[in-house]
Amino acid sequence: DGHANDVTLQLQWVTQSQFAGYYVALDQGFYEEEGLNVTILPGGPDIAPPQVLAGGGADAMLNWMPSALAAREKGLPVVNIAQPFKTSGLMLTCWKDTGIETVEDFRGKTIGVWFFGNEYPFLSWMSQVGIPTDGGENGVTVLKQGFNVDPLLQRQADCISTMTYNEYGQVLDAGVSEDELVTFKYEEQGVATLEDGIYVLEENLSDPVFEDKMVRFVRASMKGWKWAEENPEEAAGIVLEYDETGAQSEAAQIRMMGEIAKLTAGSNGALDPADFDRTVATLLAGGSDPVITAEPEGAWTHAITDKALN
Amino acid sequence: MMAFASAGAVWIAGWWLNTRLAHGPSSDSRRVSLLIPAIFGITILIMWEILVRGLGISAVILPPPSMIGARFAAEIPLLWADFNQTIIKGALVGYVLGTLSAFAMAILADRSDFLTRGILPVGSFMAALPIVGTAPIFVKWLGSGPESKVAVVAVMIFFPILVNTVAGLRDTTAMQRDLMRTYGAGYWATLLKLRLPAAMPFIFNGLKIATTLALIGAIVAEFFGSPTVGMGFRISTSVGQLALDLVWAEIVVAALAGSAFYGLVAFIESRVTFWHPSQR
Amino acid sequence: MKSIVPVLTVLCAVLMIWVVCVIPMNAHLTADQAQRDGLVLEPDTPIARQELVGLTLALKNPQIIPLTFTQERPRLPSPHQVAAELWDTVALKRPTSNRSLVYHGWVTLSATLLGFVIGTTLGILLAVGIVFSRTMDKSVMPWAITSQTIPILALAPMIIVMLGAIGIQGLLPKSVISAYLSFFPVVVGMVKGLRSPDAMQLDLLRTYNANASQGFWKLRLPASVPYLFASLKIGISAALVGAIVGELPTGARAGFGARMLVGDQYGQPLVTWAALFAAAITAALLIVIINMIERGTLRRMGMKAT
Amino acid sequence: MTETTISATRLDLTFQTNDGPVHALKDVSLEINKGDFVSFIGPSGCGKTTFLRCIAGLETPTAGELTVNGMSPDDARRARAYGYVFQAAGLYPWRTIGGNIRLPLEIMGFSKVEQAERVKRVLSLVDLDNFEKKFPWQLSGGMQQRASIARALAFDADILLMDEPFGALDEIVRDHLNEQLLQLWARTEKTIAFVTHSIPEAVYLSTKIVVMSPRPGRITDVIESPLPKERPLDIRDTPEFIAISHRVRDGLRAGHVDV
Amino acid sequence: MTETTISATRLDLTFQTNDGPVHALKDVSLEINKGDFVSFIGPSGCGKTTFLRCIAGLETPTAGELTVNGMSPDDARRARAYGYVFQAAGLYPWRTIGGNIRLPLEIMGFSKVEQAERVKRVLSLVDLDNFEKKFPWQLSGGMQQRASIARALAFDADILLMDEPFGALDEIVRDHLNEQLLQLWARTEKTIAFVTHSIPEAVYLSTKIVVMSPRPGRITDVIESPLPKERPLDIRDTPEFIAISHRVRDGLRAGHVDV
């Protein structure tokens, strides 16, 4: 039937180079070569991709693993079928003149954190280093940060969450020079969690038609990613073409593509179980309100990538 | 199919009961006029429960009312903290501030026909600025704390109240005004003894609209930046965690608070404008 | 026409206040930037400057005042910046290009109009039901009020997801949100309007033994027309807000809402401000159109439009 | 002339209001024959309007018997037995004068041609020939009142109920309309119930004058007029006329014990 | 009695309306002396109200001279020289009857004690002793009109301007209030300008009757009444009274060319 070749992918943010691989695959006809008819749905600040998946609005979604594991515990069995992003791009960016040099200096400071399922790595990091997040003298005051860098520029927060590929560049674009800033990469703090994996509903995987479709989808997507890594400028140009808002700037997207390439570089698409275990360990080490309460079972599979990458 | 059939049956039963009550002898008593909407609401809830369970809709899309109720009961301290942050510190403060400044502006505008002509169109233009656009700007200016929520609410309710108050202050008949002129009454006497009382029905109209706006404004503004407490914060983060039962519990709080607030203002209105034909 | 001079006066006043506010609002950012560019400033660290309010800072360092008006990422853009951005994106871009606000305006407007039609129709039907059925009056009205206390931004993603689940995407989900926001003013106004005939006007029909449908078409409906128009004007701007709200979680593809979101996310305040003003201008135009229809209708009906 | 059109026996009507019941009509008995012109006169608030509304089936008496054309008032209303002129003109502002007069004709299902013809006829009856296309607010108060009379005359109801129809008119216009009304009545043999505050008007127009006393509204006097059916305006200077006027005034005064 | 209170010379007033100017008053000249009781009578829409409003400084003539107590009407208004009774009662619905009467007293700064005393006095003058605490809508139309008269009498203005104050009242109450008004006038030597549609009322009350003709409103006749100041009600049956009435009626009829 016709659905055998239709794939809808739900992104977790608006069209930008973070998702270049998929747009490249679409634009360069990699999906078409696989006989696929792919629709990419951009996301937004209030849309939860797992919810879209649950409602049947999409076949696959991109998600950060903490959020996906939380969804599993909420009774929505999503499974990671591919992990194009090897490394985490999440970090905290702070003003140097606040005197912050080490994590210990966070005490008494105000820190902007993204919520919406993205807060868990931060919370578990803080609980690992023993800093309370209740806003007391000795702890940090947490702000729910909007998805922009204003709290830092306006000095409403001493540190904010940034992605290496996007928000950090925006801080620099605002005229701030790198040596006014101090950054803490989650990757370097040992609390990195997996970002931007491809997830599907577990029940669908038992359907061979669906499985085959995903194999082709992952294969084409990875081809897209590798193409994008090699041709960052063109990839950014393709992303811009698909940006319906018309508000993205070329320079920013090219820079983003460059940073993204660093994150995808180490991955052939298959999830590295060691990264998974580290992610789970980080989350289970969480403070009073952990994302997940137990070691997840069957949250990832190599079934798809094994077929796709051969 | 079974689900639709039983939901339909519940609907018919509820409607039948309400029709009986609405046409019954004591249909205007306070008790019955609370009972009827309550029955309507309960009917909807039962249908909701039946449909969600019968059609197997996932709880991460639409949880059944029983689950929402259970979550509500379990999270009362959390809900209370959120309520306190958003409604008390945000919406109410903004409501008072917005109302007072709208009154002040209305009285200023009202002093001259020229100002009124100028302020009303500009005012309705400003009122058309959508909150989803203005809220992030206020968060940027005033930070994530309650101050930005207060500002959003105050700005949002400012123009409805201003427009209503100005319209109300002008809603006197020529004869009522002429009467004051024959007494040689000055501006303030006319304002206090004629125009303010005459404006009350309009002012309350604005105040009632403002109650629902204030709530929505305070909650929505938290979507764009907030401390880690508050109804808008909870709703937006819980959606991300797929804790839809908690989202709906917060929506229930918003609906209860909003209806109570509206009811309170309507009650004061009936006391203050007892003389107006619509209240008799 | 008599209003033009007063409106312009008030606009001038607003602009002037705006211009004056630009200085303190942008003073800190401007100062930080100016220092990086080599200017010597009074408190010479950002932290120290943070202790001062914007106005004091600007007065201590008058050389930064002109710079506050030309910031690329201002906290408060100056009016000419917004005007220039509007001019650029409205007049200088091809209307079919996605960099043109005309294009985005049309995206939002089409959802707005569809939602407005749905909401108005629903509102009128509900009002008729409420006026003619006591059961509906008693049971539905309180819930109509309650429905408006629910934060729409919380419901919007759910509506989009639920409709997306049954395969409805694009215009309609946004219009549903528009309709949700615009039906309420119409219900309230129409109920008031349909109930506005006085006892004598009703009694007159009773003496003719008119039936309910004659009462509706010959008395209640014409009597409600002025109320209807008043609510339509509130309803249309609510519908516009609804469409914009719907554009945030639909994946921010196009429309004023998407522009506001992306402008906010990528640190381009001018994009946000221009979209904001374009939205308000659109609302104002829609209201003007309804005003004109109202005048024509009321004049044809012989009721003087005031 | 002995056919009874309206018959009221021991009518009682009490309004329930928030501060206690208001006894508006008490023990009212009255027979009105076909072709009668009956005027009701009495102090403000004595129940004249209320009684007229009872006849019209717009208000239900709390006790007593009331029949109109042998039916209950409500059945008579359904049978469209009467035309009613309210105390105020009550024209619909969104209809022209012609449209207002056409309203009952539309509801009662007259043909378009018939409608147009009748509108023309009644408009000329009340001297508003050129005003068919005008809207109510383009007319003076007195003209509006005439239009509302025309509206009640447009469909030929046998019974006319008129509540102070000439209240807001000056004496000259009033005299003129009084004459017109008498002519119409004489020509059509309608039964007319007419409320007024003016003693000369009541005496000039009526075959029967009903004097009422204030709350609870009771009938204190029913005067059968000995005046001939043909009544020029200057009949008002005849001794019979003055005698009846005095009797009405005395009856009225008796009701005003407290003044 | 020769002190001039109100003096109008060649007054003209044209309203600018959207469909052309309306010439409401034309070439109106009139002297009213202190202590006069002047009635204005004329067809509906002839400008009676407009003239009264000019005197009260509520309307500005487009041409001509008008002085009140030797001042401009506006200055007289500011000096609170008169009490005005409008054509409709116009009570404020959010104030009780007592509160409505107290309104001018509050504005003019009377003491609380004085206010209470005056309210009591005028309420009894218009026979509303027990209604001080009631709200306007709890009274019949006639009672409301009496309350509005009481309101105008509460502060002792020298000039009373009354626009059809007794329009909605039945004849008996009207007679009673006519008598009361005459007594008050005799006792206090107020100057009264009084608009009415009733010829007997005008003749019974006035020392001077001004007959006006329709648009553009002009004065067609000014009749100085030869009746004595002391006027029992049955003076209305005297030949002088009837003679004056006829003269007024003729003057009025002359204005109604078209009816």
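Some observations on this one:
Read from first to last, the chains carry the letters A, B, C, D and E; within each, the first residue is number 1.
Basically, a residue touches a chain if its C-beta (ideal position, glycine included) is under 8 Å from a C-beta of that chain, and two chains touch if they have at least 3 such contacts.
Every value quoted in this text rests on a predicted model; they were computed, and no experiment measured them.
Under the contact definition, chain B and chain C share the contacting chains A.
The angle of the rotation carrying chain D onto chain E, fitted on C-alpha atoms and rounded to the nearest 5, is 175°. Top-ranked chain pair, ordered by C-beta pairs in contact, is B-C. Computed centre separation for the pair chain A/chain E is 85 angstrom, with centres defined by C-alpha atoms.
For this pair, chain B with chain E, the centres built from the Cα atoms lie 50 Å apart.
Here the spacing of chain D and chain E, counted between their Cα centres, is 31 Å.
Residue positions of chain C with contacts to 2 or more other chains are 75, 153, 157, 161-162, 165, 248, 264. Counting only residues that touch two or more partner chains, chain E has none. For chain A, residues touching at least two other chains, in rising order: 45-46, 48, 51, 55, 146, 148, 150, 154. Each chain pair that touches appears in this list: A-B, A-C, B-C, B-E, C-D, D-E. Interface residues of chain B facing chain E in the complex, by the touch rule stated above, are 173, 175-176, 178-185, 189, 193-194, 197-198, 200, 273, 275-276, 280.
The part of chain D that touches chain E in the complex is made up of residues 19, 41-45, 127, 140-142, 167-173, 176, 197-199, 249, 252-253, 255-256, 258-259. Of all residues in chain B, those touching chain C in their complex are 15, 18-19, 21-23, 27, 33, 36-37, 39-41, 61-62, 114-119, 121-122, 124-134, 136-137, 140-141, 211-212, 215-216, 219-220, 223, 231-232, 235-236, 239, 244, 247, 250-251, 254-255, 257-259, 261-262.
Residue ranges on chain E touching chain B, taken from their complex, read 53, 56-58, 77-80, 82-84, 86, 88, 90, 92-95, 103-104, 106-108, 135, 137. Of all residues in chain B, only 58-61, 136, 139-140, 143-144, 222-228, 233, 236-237, 239-243 touch chain A in the complex they form.
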